Structures are given as structure tokens and as C-alpha cells.
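Please read through the structure below; I'll follow up with questions.
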Amino acid sequence: MIEQVGFGLVAGCIVLAALLVARAKNAIHGVLWLGVVLGATAVLYVMLRAPFLAGIQLLLYVGGVMTLMILGVMLTRHDQHEAALERKRPWLAGVLSLFLLGMLVTAIQTSPELHASEAAPATVKDIGRSLLTEHVLAFEALSLLLLATMIGAIVLLRRDRPDRLVEESR
Amino acid sequence: MLASPVSLALTALLAPGAVALLLAVATPLRNRKSAIVLSVLAALSSLVAAILLVKGQLTPTPPQLLTVPWLLQGGVPFAEIGLRIDGISASMLLVVTFVASCVQIFSVGYMHDESPPAQGRYFTYHSLFLTAMNILVLAPNLLQLFLGWELVGVTSYLLIGYYYRKPSAAKAAVKAFWVTKFADMGLLIGLLVLRSKTGSFDWDATITPQAANLVTLLLFVAVMGKSAQFPLHIWLPDAMEGPTPVSALLHAATMVAAGVFLIVRGWPLFELAHSTRAFMLGLGSVTALLAATMALFQNDIKKVLAYSTCSQLGYMIAALGAGSLLGGFFHLTTHAFFKALLFLGAGSVIHAVHSNDLRDMGGLARKMPVTTLTFVIGALSLAGLPGLAGFFSKDLILEAVGEHGFSLWLVLLLVSAFLTAFYMGRLLLRVFFAPATEKSSHAHESGGFLLLPLGLLAVPALATGYFGGMFGQLYGTAYHFHLGNIGILAAGLGVLGLLLSYVLYRHRAEHPALLAPLGRLIEHGPMDRLYEGGFHRVALPFAALVGWIDRYLVDGVMNLTGLAFIVSGQKIRRIQTGIATDYVLATVGGVLALLLYGVMR
Amino acid sequence: MTEHILSLIVAAPFVAALILLFLPPKQLGLIRFTAAIGAFVSLVLSLYVAFLYNSQAGGLQLAEVYPLVPSLGIELRLAVDGWGVSLLILTGVIIFAGVLASTSLADRAKEFFVLLLVLVAGVFGVFVSQDLFVFFLFYEIAVLPMYLLIGIWGSSHKVTEAGPLRFVWKWFDIGGREYAAMKLTLMLLVGSAFILVGLLALYFSAGAGTFDMAVLAKAHYPRSLQLWAFVLFWLGFGSLAGVFPFHTWSPDGHASAPTAVSMLHAGVLMKLGAFGVMRIGMMMLPDGARFWAPVVGAVAVVNVVYGALSALSQKDLKYIIAYSSVSHMGVVMLGAATLTQSGWNGAIYQMFAHGIMTGLFFALVGHIYERAHSREVAKMGGFATVMPGVAAFFTLAGLSSLGLPGTAGFVAEFLVFAGAWQSPQAWWSLFGVLGAFVTAVYVLRVSRAVFFGEGPSPHFHDLRDARRVEWAPLWILGGTLLLCGIWPRLLLDFIDPATSSYLRLVVAVAGGQP
Amino acid sequence: MSLEMLQPIAVELSICGGAIVLLLVDMYLPDGARKHLASLTALLLVVALYLSTRFDGQGAIGTVYFGSAFTQLCKRLLIVATLGAVLGGRDFIAKVAPRRQGEYYFLILMCLTGMMLLPGARDLILLIVSFELMGIPLYVLTAFVRDEASPERRLAATKQAAEASLKLYLVGAASTTVTLFGLSLLVGGAGSTRLDALLAAPATPLHIAGLLLVLGGMGFKIGAVPFHMWVPDTYQGALTPVVAFLSVAPKAAGMATLMVLSVKAVPSSIWQPALTVLAVVSMTVGNLMALPQRNVKRLLGYSGVAQIGYMLLALCVGGSYALAMLLFYLCGYVVTNLGTFLVVHAVADREGDDSLDGLSGLARRSPWLGLSLLMFLLSLAGIPFVIGFWSKLYLFMAVYQAGQGWLVVVGAVLAVVGLFYYLQVARAAYMVAPAKPQPLQVEPWLAVMIVVCLLLVTGLGAYPGPLLEVCQQAADALLLGR
Amino acid sequence: MTLGLCLILSAALFCIGLYGLLTHRHAIGLLLSLELMANATNINLIAFSRFRGDSMGQVFALFSIALTVTEVVVGLAIVILLHRAYRDARVGRASEFRH
């Protein structure tokens, strides 16, 4: 019972905060509400007996991504009052989203339900083993990916000639 | 015999052929006097060969055939070409080569003022013509006859258009070709029908009368074109735009007579085809009368003769229609001689006066005695004065037509006989005996090259009539002359016509008031206008319509198809708005569509 | 050499093209000389093939086989039959004449001759291929260089904007040479697309794992497949043969193309189309051929008369000749549709005759255009005074075109009409004959308008007769025209046995005609 | 895990190892010597190519990777494509991004590593990580900004690069997210990340939804309509050597992966109809939209979309033969498109004009370049005696054999539409008078790569047999192996 | 709490993210929406892991998180580049290439 109520609370929190992200007028608000979604999701992970993932979620997302996002927002501030450049299509977007939701829910409802497994939850050790045996190749590839990402981000934002900044050209 | 008939025939065929080829290819030869020498020599050697051939045919011999397969069909010959030597071909060959030789000799003098290359061209055409005519004459079957038939058509086109700088000559040449070519469609189809009915192109294959009627009718359409029968006669008067010797050779003596020759050759078919022959009889008579009427009102000396040719061809057709092979062919022969003579005489006159117009002539009898003499012989022969060649052949025809009793056609022909004498009388009077005009006063007798052929031709124009028996032998039909009522009537009408013309035109050039309206009508050229109207008002606009449809509708649809692709490309590219979120939308839309498909299945 | 003669004949122009590729572009004389030598070698080789071919024995001879794509059964299978021999000679004659007629071309001459020779290699290839696939390959090679040849060296002209579809004019440069080139290429390649599908249909339906035409011809295809596949081949190849209504590339293309290209295209390439219809469509799919023959023939008749009438209405010299090609190709297709011995003989003969004739026409028109800088018939007149030789050859070509005995055109048309008369649809020949008459009308009309009359207006100051090497193509083509008209068995001896053996494949009842 | 076990991915290992070495070398290189990085990269690639012949590359690594003739072919193809792009763009990159060359080549090598892992991946995690390893460097590479002296031009260059990469990124990220979501559904349903488990899993609605979501994501990778929207814009905006790379290698890798998935992970009945629709729509839309284009890179982008449509045609037919033909088409496409872009690069980037006008008179200014372009265009259009003809032909044969004759008709007719715009390019090169008369200079390595492509296009066009055999073996290996 | 509920929650989150993706104009907003969608993926994976009782879902989720992070990093870099070019991070500004 408590589980149900907890799930309901967390789910409601996630959905509500997500809606606020999706409808956010202000990027900072959006980032903050995203933080709420991510945090609530971490709680959900715990309820789903995945505490390790919850930790990762908090570390990587709330700690890393959120910071990056805020940084990004700071770096890309612009005049809020400029006229809209493109049409928003809230109705179309809403209809499409609801349509997708409808299809997904139909699919979920018509697929066979899995009953909660009583097996012991996966431990960090299980995860670690899996990472270093079966998925070691992917793991290594991931490390390359992270390296490439790092290099990529740097090369994108590095200015080769500080004396000729874009800003100066304006 | 020194030479076999086949080699003689080959000589007759190949001598002018080789010369034509040589002159066509070797420009240096063509551009000098050598062209004249070669061409005349070729014609003369053909003539010699023809004479020898005829001599050989005088004793009854079976036809000599030499054929080679020309087209194949499934390994067996589909069509053959070669030579057929019999009385008909030999005598026709003689006529053709004789007249051709005369005309070529005449041309040497007549064309003397032209530039050497132009003369070379002229004589090349002549050699070509002689070759083509010989191909036609010596044909062993209707296909080869058709080949020669078309080739003489072309040489006719070339020779009429010899003065190509003159627009009227160019027009006349084209017109002649179109009209005859139009008619030749009948011959071509007739050949196809003949081939499908009998399995060959021979004229003596077995055939049902019905089929024979169909085939001969188709063939006769071509004859109408080539032999200028009403209503396809319109090209012949215009063809007088060519040099006068050409008119003499092609458009009087030989080529136009090829139609008659076709019927003579195809006689086994025509003999069976009663309906066709009935038609021929009628059409020939009508043509004879109409053309004679028209001849009366011409002021161009050559046009008078041209219409006269039409009229005389009508006689021949009528004769054949009436079933008289000999009558038709004999008249062809005599007509060839006297009409060629007349034309050459006219040429001599024109050469002297530098005009074609009767109104410019007059009083030439004293200035050009030889010409006058020969011309008068020809004219009287044409008018059917008893004793001259024309009289005998015409009599034969009238007898044949009248054989089955008194008929409308006989009346028409008799009236034509009268008219013939009448207009020839007018011609003689105006040209030779009327008072001299400014132009004709400076005229003087032509030179030897012109007079020699006149003399040569005058002989047969006078005397051929007495060799009827020989011709009958050559054609394989008996000929006995006997003067019947009709013959006397015709002769009388001829004399009457001459006298009447003397009365009417002795002192004046104008036509009597009674005839004037008819003259105006004929000057108006109703048939020509009909054809030209048809071409310019119907055929050309129709072609223009087809052309328009092709360019703007059919091709338009093709362009439209291309355009449809381009425009749809233009339209579709609008979805690429340039705004990244729209791209995301498209991606999402695609995914949703995929999912929708998943739900649907 | 003798056993490789066919690969040699295909390779010869190609090699010449390669050599040309490495010549310095400035050396015009050398380039022209090399091209002429290449073309001459082709001509000699084609004549040598005719010499080697034993027309008594008939059938396929001089065979060569090289594997190309073994896994699919594609082989470079070369052999020649009687049809091939005649068309090889045609190609050899036309290319030699064409190269000689292009000697005045100076702009980018090297590329021009390279493309021209590549094209010819393709044409030779088509005529000697006995592998359906290689046939198609060469076919494409023959079609494609045309785009550049017309687009670069062609000429443009004005076309009046009219008709209910005139809004299309805004989009295309109608009358432009690039438009013509593009239209030609696209229409022909849509045809190739059809052919390709048909080709695959044959290959897979036969299931023999080979493209060998002899094998494919012996295979039995279901009737339904035959019916639709034949239409594909007919329209596919037919678009190149100018079958109505897919002929509209032809007037624009031929009018815009430079002289040698017009000669080659109208003279040889259009024949590839008709050849394809007969050699592939009819022979591989006899049921289809018999079923569709009435339609093919009827459309061909439309071609004949419609093309001739369209030609009559044209005011541009090249357009007249181009439309005459449409009309004459109709005769070829008519012959093919008769499914009779003489019809097919006539069709092949007409390919040859029309090829030579139209080649001569285009050579002459090219000369006139080059000297007069105009193609408008109405402005011309009296040209015979300054170019008598051209006038004479024009008359000759015209006479052949209207089917005058003594020229090759007559033999061809006569055979076709005779064939048509033997076929169930005898009425075809009536229209065929009518078409020949209309041809006489427009040919003589144009010849009178251009050549007859008092000397040319002073506007044309550059006119002159052909000179030196310019005579060569005229004499070669004109001579061939006459030679084959006077003694048709020069070619018929080759054509007839091939026709007999091929016709047997199509018409079940052998000798079903008189 | 012994070293022998790594044999199937030895080439990848050598490349990523080399990449890291390259990065280290870059740190110590003086500015002037950086252009040798390209040569180093090329050397590395050549070595890798050599290694791919030394190691047969066959065999499995656990359950996640399976090397076979198929992966060998794909790897070699990818290496060749990369080599072409690297050497072809060498001098240009050295000019426009002199101080970022190390990163440039590193990223290319990373991308290559990711791509090379894809055809052999038999595990979803490896697959998706490899995809990202391929994708992330591409986002960055398309965002490479030219160094420009003047601030205005630099700003313009920045705008171009930003737009090009933004569009690629947004669509790409959305697709990745969708793919991941789909994968989560699949993995949940199957209970395993192995491909064969997916094939064995019950086809519940969720499973099907997952499969289709993944198909959507794959559609982005190969640039099929309607996931293609980024293609023209990114092609137009990014540096031409990058586009040359982007237009061939990732598409080849994506197509190879799609083949693997459709054979190893997806019951054919689920994807096949959808693939058919995607194929037809891609062919049609790609060809039609290319018709009115005036920018060469953009035009080639749309043409690429259409080409993908053709390849999908074979994929939806399936079977050993069709897959072999697809591989053949892919090889032909890679060589041809690379060559085309290199020619465009040689002309457009020298003239600073990537519209059709920039190509005008190319045949006069540089006959060889004009000829190469013509050959490539003909190959793209599918004209005989260049490889593209065999590609289209074989593909159509496969499709026809599968009883889809109507698809052949559609494809063949659309190929003619395609010819229209390819000929527009040829027209510019051959028929339009050149804007500048002087001959065009081409850097030696670029010229060499163009000539290599030309030789491959014509050589394989003249004698396609051997390549066909290789493709058939590869297709069989894919079907029969794990 | 059932698997179905978890999946529906994740589907809802995914769709909300999609809505955001389609409506946001600001590049950062798009990135945020993508994060929502990625989060939905992770919820799915973890829920499956819970209800299947194996570690595989969690492993995948781990990778998924890492991938998302890399995407965000590069995405942010591109957004900053965009901002540099246009002084504006709304994606509609960059629409020079179209049609």
C-alpha cells in the first residue's frame, strides 16, 4: 500500500515537473524543474531496488548535467523580448504526443504483464561483473566515446585566435 | 545475224546508261562538249541496236527473256528484272531511240547558247531518260516496267526543271512529279494486288476477271497520271516550261505514251478487264474532246501542242478501251513521230522568234521554208489528212470504237478529230501564213542540227501509215487497211476543220465571238485552280494542323510530364523549411507513422 | 585477326577514341586525321566482316565468347548474322561519312570525336552482341554520349510559344540545344528503363541462368508475361525508333544536333531501336509479337503518315528532315509488324536505306546551314546556282526518301508494302503508299524552295558548293544509296536468310505467306 | 580473455590505438608540421587496411561480437572511404583549420572505430555505444569552423558550421533518444541485449513498437525520408571533406547495421513493409527534391537520399542474393559519392562557390576533373561501364527476382528522373562557358584520390565480377554466420 | 506498483519530452526535453530490471545514462557555438540553408 502511494507521489511529481520543463518559458526554470524530475526519478530507482543507479543518476545527472545546463543557459543568454522566430505548434505537438502516448499505452496494455520477480535485486557487484565481462567491449568503446566527446567539446569551443573573437566583429 | 537479240537489247539499254553514269560522276567530262558527243553517240548506238532488233523480230520468233532475281524472299526470287524482247518491245524501242536520237541531235543546235556545264547537265539527263525509257520498254514484267516508269518520271522532273532559275519552270517540274506520283500510287498498289493474286509480277499470269478488273483499274490510275488523262492532265501543259526538245521527246512522243505502252504490255490483263476497258474508253474519249477544245484557245504554241498530245493520248486510251490493241499502239507510234516533229518544228520556230507566243509569230513560211514544210507535214498528219500517218492510225481507232455500233464515245472522238484539224489549222495559219510581226520579221531558217531531225522525222510522219502491216506483225495481230464509212467521215471532218480554220483565222488572230466565252473559261484554268485550291486550302492547312498538334499537344504533353516532375520537386522542397525543430517534427512524424503501422498490423 | 574480327570492330573506334584522348587538343589537323582513320578502319572492318560472312550458309557466324560476369551468366558473346552484317556496313559508312562531314568543326574537336567514336563503338556492339545483357550495355553506350554531343556542339533555334500547354514554356528553354539534348536523353532512357525490366523478365522467366540470346529465344515464356513484356520492349526500344507518340525528341534532337551527330543518330541510332524491337521483342516473345502486331502496325502507319504530314508543315530545314525520319522509321516498324518475310526484309533494308539517305540529308543540310547560317526554308531560294553539287545530292536523297526506284529507298519501301499486303492488315500498305506520296510532296517542295529560283538573295554571301573533302561523304552516301537501289541483293543476300530463320521463331506456321 | 580473442577487432584496436598516438603526437608538433598528421592518419589507415588482410577477422568475441567476411568487407570499405576523405581533404584542412588538425583526424578515427565495430556487433549495448562513437565525432566534425582572416567571414563561417551541426545534432539526438527508448522496450521484452534473443522474443505489441522505434532511429543514420531532413542542410553547411566523409562512411556503416539487424534481430515480416515504403518514399522524394537544386552539395545530399532509397529496396527484398547486391551497391555508392564530393571539393572550395555556376566550364578548365565528374555522375545515375550501372542493375535483378517487378519499374523510372539532375551538373561542367578561363589547379593528394576513385569506378564498371564474388561471400557470411 | 504502471509513467514522460521537443524554441529547452525522454528510457530499463530480477536492465541504463551525458555535452557545445554565431540560442535563427 505504502509502495503504491509512494509510487503515485513520485510519479505525480515526475509528470508534473516534466510538464513544467516542457512548458518552461524561462530556460533556468526549465533546468531547475528538470532537476526535480531527475531527482524524483532517482527516488523511483530506489523504489525499484536499484540504489546504485539512483546514485549514478544523482551524481551524473543532478551533479553533472544540471551544472552543465546551467552553464549553458548562462552562456547563451539572449534578449528575451525578441519576436518569436518560428511558430510554436502547441496543438500539433500536443496531439502528436497524446497520439504517441495512446499508442504506447495501448501497446503496454496489450502486452503480457510481468509479475514482480522475487529474485534478489542486482548488486553493484553483478553490474560490475557484467560490465567487465560480457560488456567489456562496449565499456571500452564508451571510454573512447567519452574521450572523443571531451576532445570534441574542446575543439568546438576553443578559439584558435583569441585576438579575433567573434564578439569583436559585431 | 551478227549479234543476238539479248546483246542488242543490252546495248540499247547500257549504252545510254553507261554514258549517263559516266557523265554524272565525271564532272570534267560533263562540263565540256564531250557530254554532247557521248550522249548522242549513245543514243545512236541504241538506235542501231533497236533497228537490228526490229529487223530480227520481223520474222516470227518467240519472245526472248533474260531475267535475274532482283529481290529475294525466303531464298526464292521475289522479283526479277531483266529483258524481254518481242515485237512490242522492239518496235517501241525503235520509236523511242529514233525520236530520242532526233531530239538529241536537234538539241545540239537548240541548246547551243547554253553554258557548257548546263549543256552537260542537259545531255546527262537525256541519257538518263533514254536509259530509263529503255528499262521500261524492255521490261519483262510489270515491276521493272514500274521501275522505268518512275525513273522516266524523275527525268521528266529534272528536264522540266532544267531552267530551274525560272520559278514557273520549278513549279511546273514539281507539279508534274506530284501529279504523276500521286497517280503512281495506283500502280504500286496494283502491283501488290497483282502479286498477291497471281504470285508474280508478270502480266501474263493466270488471273480471274474480277482480280484483273481491280488490278487494271489500279494500273490505269497511274496511266491517267502519266498519259495525262482527264482529270490528271493538268501537269502536261505546265510541263512545256522545259526546253522544247524535251517536250518533243518526253511530253509528246515517248514518256507520256508510256501509259499507253503499259496497257499494251499488260494487255493480257486488260483484255480480261471489261469494266476497266469500258472506263478507259469513256475517259479517253472525254479527254480527247476536252483537250482538243482547250488546245483551241491556247496562244502558246507549245501549249497547243501539249493539249493536242493529251487529246491524242485520249484517242489511244479509247482505242485500247475499245479493245483495239493495234489501234492504240499504232497511233502511239505515228503520234510519236508526227508530234515529235511538230514539237521540234515549234522549237525551230521558237529558236528563231525567241518567243512561244503565237501572237509574236507569223509569216514564217517564207523565212523558214524547211521548217514550214516539215511542220505542215506533221500538222496534216495529226489532222488526219488521208494518206499521212495519222490518218491510218486514227482511222484504226475510230473503226475500233465504232465497231460495236454508233456510240456517244464515237461522236466525241469524231468531234475531236474535227477540232484537231481545226486548231492545227489555226496554228499553221498563225505561225506561218499570218502577216509577220516585229519579232518574227527577224527570224531566219535554223541551222543543220535543227533541220536534220526535222527531215528525219518528217519521213515516218508521212509514211508510217503504209507500214501498218509490219507493225501488226510485230504485235502479233493482223492489219488490213480498208476504208470504212467512219474513216471517210473522219477524213472529211479533218478537211472540214482545216477549211473552217482557214475561214475563221485567215485574217485575224481573235477567236470568233461564239467561242470567246469558252476561251475565257479555259484561260481561267478551272482544273488548275481546283487542284491548287485543294493543296493550299485543304492539304497544307491539314498538314499544318498535324504539325501544330505534334509540336504543341503531343510534345506539349511530353514536356508537361517533365514539368510535372520538376514542379512536384519544387513543391516538395518547401517542406525543407530550414528550421531545425521542423526537422525534428518530421523525424517524430516518421516515427509515429511507423508506430501507427505497427498498431495497424 | 579473322577469328577476332568482331571484337576488333567494336574495339576499333574505342581505341581510336582512346588515342584521341591523349592527343594535344590544339592539333586540330592531327585530331581530325586520327578520327578519320579510326572511322575508316571501322568502315573497312565492317566491309571485311561482310566479306568473311558466308551468306550462303547464313546463321550466326564469326562467333567469339568471353566470360564477363560468370555468376550471372553474362558473356561477351559476339557473333553476326545477316542483319548484323548489313547494319554494320551501314554504321561503318555513316561514321566514316560523318567524320568526314565534321572536318570543319574546330571547337573542342578532340572531345567531339572521342564521344562520337565511343558512340559508334556502342552501335557496333549492339549489332554484334548475342548476349542480351551485353546488347543492352552497348545500347546504353550508344545512347548516352548524345547528351554531350548535342548539348555542347548543337545549335539552338526559336520556337514560337503557342498552344494550350504554353505555360510549360516558362520552365524549359524550348528550342535550346540543351533542352533538346536533355529531352532526347531522358526520353530514351525512360525507354531503357522499360527495356531493363523486360530484360530481367526474360532472364528470370527463362531460368536458364544465361543471357545468351539463342537460349532465351528458345525458352518458353508464359503468355501473360509475353504480352506485357513485349509492350515494354516495344515502347522501350520504340522510343529510340521514334514510335508515336514517343518520337517528339527526334525533331528537336536532330534539329539541334551538329551535322555528324544528326547523321549518326538519325542514320544509325534510331535503327537500334527498331532492331531491338525485332531482335529482342519479337523474336524472344513470339506470342506477344503476334498479339500486338496489329497495334504495332497501326501505330507505325500513324508514324508514316503523321510524320510525313508534320514534315510538310515545317518551316525549318532540319525539322523537315527530322520529321521525315519519324515517318521513315514508321516504315521500318510497319515492316516489322507485318511478321512476313518480305516485311522483315524490308524493315531491315529500310533501316539501311533510311540510314544512308538521312545521313546524306543531314550532311547536306549541315553544309547548307554552315554556309547560310540559317535553316529557314522560306528565306532560301536559288541555292542551286551556287551549290549545284549539293542540290544534286539533295535531290538524290529526296528521291530515295520518296521511294524512287533505283535508290535503296524504293527497295525497302516496296518490300515493306509487299509484306504489309501479305499480312492480315493489308490496308496498312495503302497508308504506307500514301505516306510515300506525302513524302514526295514535302521533299520536292523543300527542294524547290531551297534550290530553285533566281540566285540566292545577297543576304547569303557565304554560300558555296562542297569542296575537296566535303565531297567525300556525299559521294560515299549517294553512291551507296544508288548501288543498293540498283542491285539490292548486295544486302538482301545477307538479310534474307537471317530473316527466314528468325521469322520461323515468331510465326509458327512457316511459309505462311506466298 | 586472451589476445587471440581480440583478433576479430584487431583492426579497430590498431586504429583507436593509432588515434591516441596521433593525439599525443599532435601535442608536441609545431604548428607548421601539423599537416603531416593527415599523412600519419593515412599511413595508419593503410596499415589498418594491410592488417585487415593479415588477420582474417573471423570469429566471435563472447556473444557480443562476431567477425566474418561480412565485417571484413565493411571494414575495408570504411577504411577506404575514410582514407579518401582524409587524403582528399588534407591540404584544405591544413589551410582552414591548421591548429585543429590533430583533433580533426582523431575524431575521424574515433568515428571510424565506431563504424567498424557496428557490422560485427551482436549485442545491443555495443551497437548503441558504437553508434554514438560514430555519431558524436560527426556532430563535432560538421561543426568545424573555417579559420578566416576577416571577422565578417569568420562569423559567416561560424554561422554555417553552427547551422550544419545543429541540424545534424538535433535530428540525431532525437533519433538516438527514440532508438534508446525503443531498445529499452526490446531489451525489457527479450530479457537480453543479444540480437538473437530479440529474434527469439515473442512479438508482443511492445516488442513491435520497440522494433519500429529502432527502425526510425536507423532511418536517421542512413538518411531515409522522412528522417533525412538534416542531410541537405548539413551537407551544404559543413566543410566539403567532412561531407565527403559523412556522405559515405556513416551511411555505409548504418546500412550495414541495418542489414545485420534485419537479418539477425528482426523477423522480416515486421520491418519489410515499412522498409518498402521507406524505400519508395526515399527514392521519390530524394529524386524529386534534388531536381530544382542549384547548390551542388545540397543536390548531392538529396541524391544520396535517393540512393539510400535504392539500397533499401534491396533490403526489403532480403535474402542472400539481394543482400549481396546491396553490398555491391554500397561499395559502388561509397566510391562514386566520395569521388563526386572530392571533385566538388576541388572546384567549389577553390572557387568559393558551391553552386552549379561554380562548376561551369570545368571540362575546359581541367579536362580530367571534368571527365572524372562526368564518370561519377554517370555512375550515380546508373549508366553502363561505370560501377553505378552494375549496382543498379544487380539491385534491380535482385528485386525483380523476388517478384517485386513494380518496384523495379518505379526505381528505373526514378533513375531517369535522377539522371536529369545529374546531367544538370554535367551540363554546368561541360556546356556552360567557364566564368574564369584559367586552368584549375588541384592539390596532388586530392588529385590522386580523385583518380583512384575514377579508376575504381571505371575499372569495377568494366569488370565487376570479382567484387561481386566478394559481396556474395560477405552476404552469405552474414546470413549463415552468427 | 506494477511494470505496466512504470511503463506508462515512462511513456508519459517520453511523450511530455516529445511535446517539449516539438514546442521549445530555445536550444536549451530542446536539450532539456531530450533529457526527459532519455530519462523515460532509463525508467523503462530499471523497471524491467526490477520485474525481471536481473542486472541487465541496470547495466543498459548505466550505458544509456553515459550516452545521454555525452550527447548533452556535445549538444551544449553546439548550442554555445550557435549562440556565438547568432547571439541567440533559438534554433530558428539558423535557417540559412533550406529548400
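Chains: A, B, C, D and E, in written order; residue numbering restarts at 1 for each.
Quick note on the criterion: a residue touches a chain if its C-beta (ideal position, glycine included) is under 8 Å from a C-beta of that chain, and two chains touch if they have at least 3 such contacts.
Just so you know, these numbers come straight off a predicted model, no measurement behind them.
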Chains touching both chain A and chain E, listed by label: B, D
Steps needed, at minimum, to go from chain A to chain B via contacts: 1
Label of the chain whose CA centroid is most distant from the centroid of chain D: B
Leader among chain pairs (count of C-beta contacts): A-E
Innermost chain, taking as reference the mean of every protein Cα atom displayed: C
Remotest chain, chain A as reference, centres from CA atoms: B
Chain C and chain E: spacing of chain centres that average the CA atoms, whole Å: 64
Centre distance in Å when chain D and chain E are each reduced to the mean of their C-alpha atoms: 26
Whole-Å gap separating chain B and chain E, where each centre is the average of the chain's CA atoms: 96
Whole-Å separation of chain centres (CA-atom averages), chain B against chain C: 36
Multi-chain contact residues (two or more partners), chain A: 85-86, 89, 92, 96, 100, 103-104, 106-108, 135, 138, 142, 145, 149, 152-153, 156, 166
For chain C, residues contacting two or more additional chains: 186
Residue numbers of chain D (touch at least two other chains): 125, 129, 132, 136, 139-140, 143, 155, 158, 166-167, 170, 174, 178, 205-206, 208-209, 232-233, 420
Touch relationships between chains, expressed as pairs: A-B, A-D, A-E, B-C, B-D, B-E, C-D, D-E
Residue numbers on chain E that touch chain B, as the complex places them: 18, 21-22, 24-25, 30, 91-92, 94-99
Partner chain A, residues of chain D touching it in the complex: 1, 9, 16, 23, 61-65, 97, 99-100, 103-104, 106-107, 110-111, 113-114, 117, 123, 125-126, 129-130, 132-133, 136-137, 139-140, 143-144, 147, 151-152, 154-155, 158, 189, 202, 204-209
Complex contact set, residues of chain B against chain D: 562, 565-566, 568-570, 572-573, 575-576, 578, 580-584, 586-591, 593-595, 597-599, 601
Chain D - residues contacting chain E, complex: 124-125, 128-129, 132, 136, 139-140, 143, 145, 155, 158-167, 169-170, 173-174, 176-178, 180-181, 183-185, 187-188, 191-193, 206, 232-233, 236-237, 298
Chain B residues within the chain C interface of the complex: 69-75, 78, 117, 146-148, 150-151, 154, 157-158, 161, 164-165, 167, 169-171, 173-174, 177-178, 181-182, 185, 188-189, 192-193, 195-196, 199, 539-540, 542-548, 550-560, 562-563, 566-567
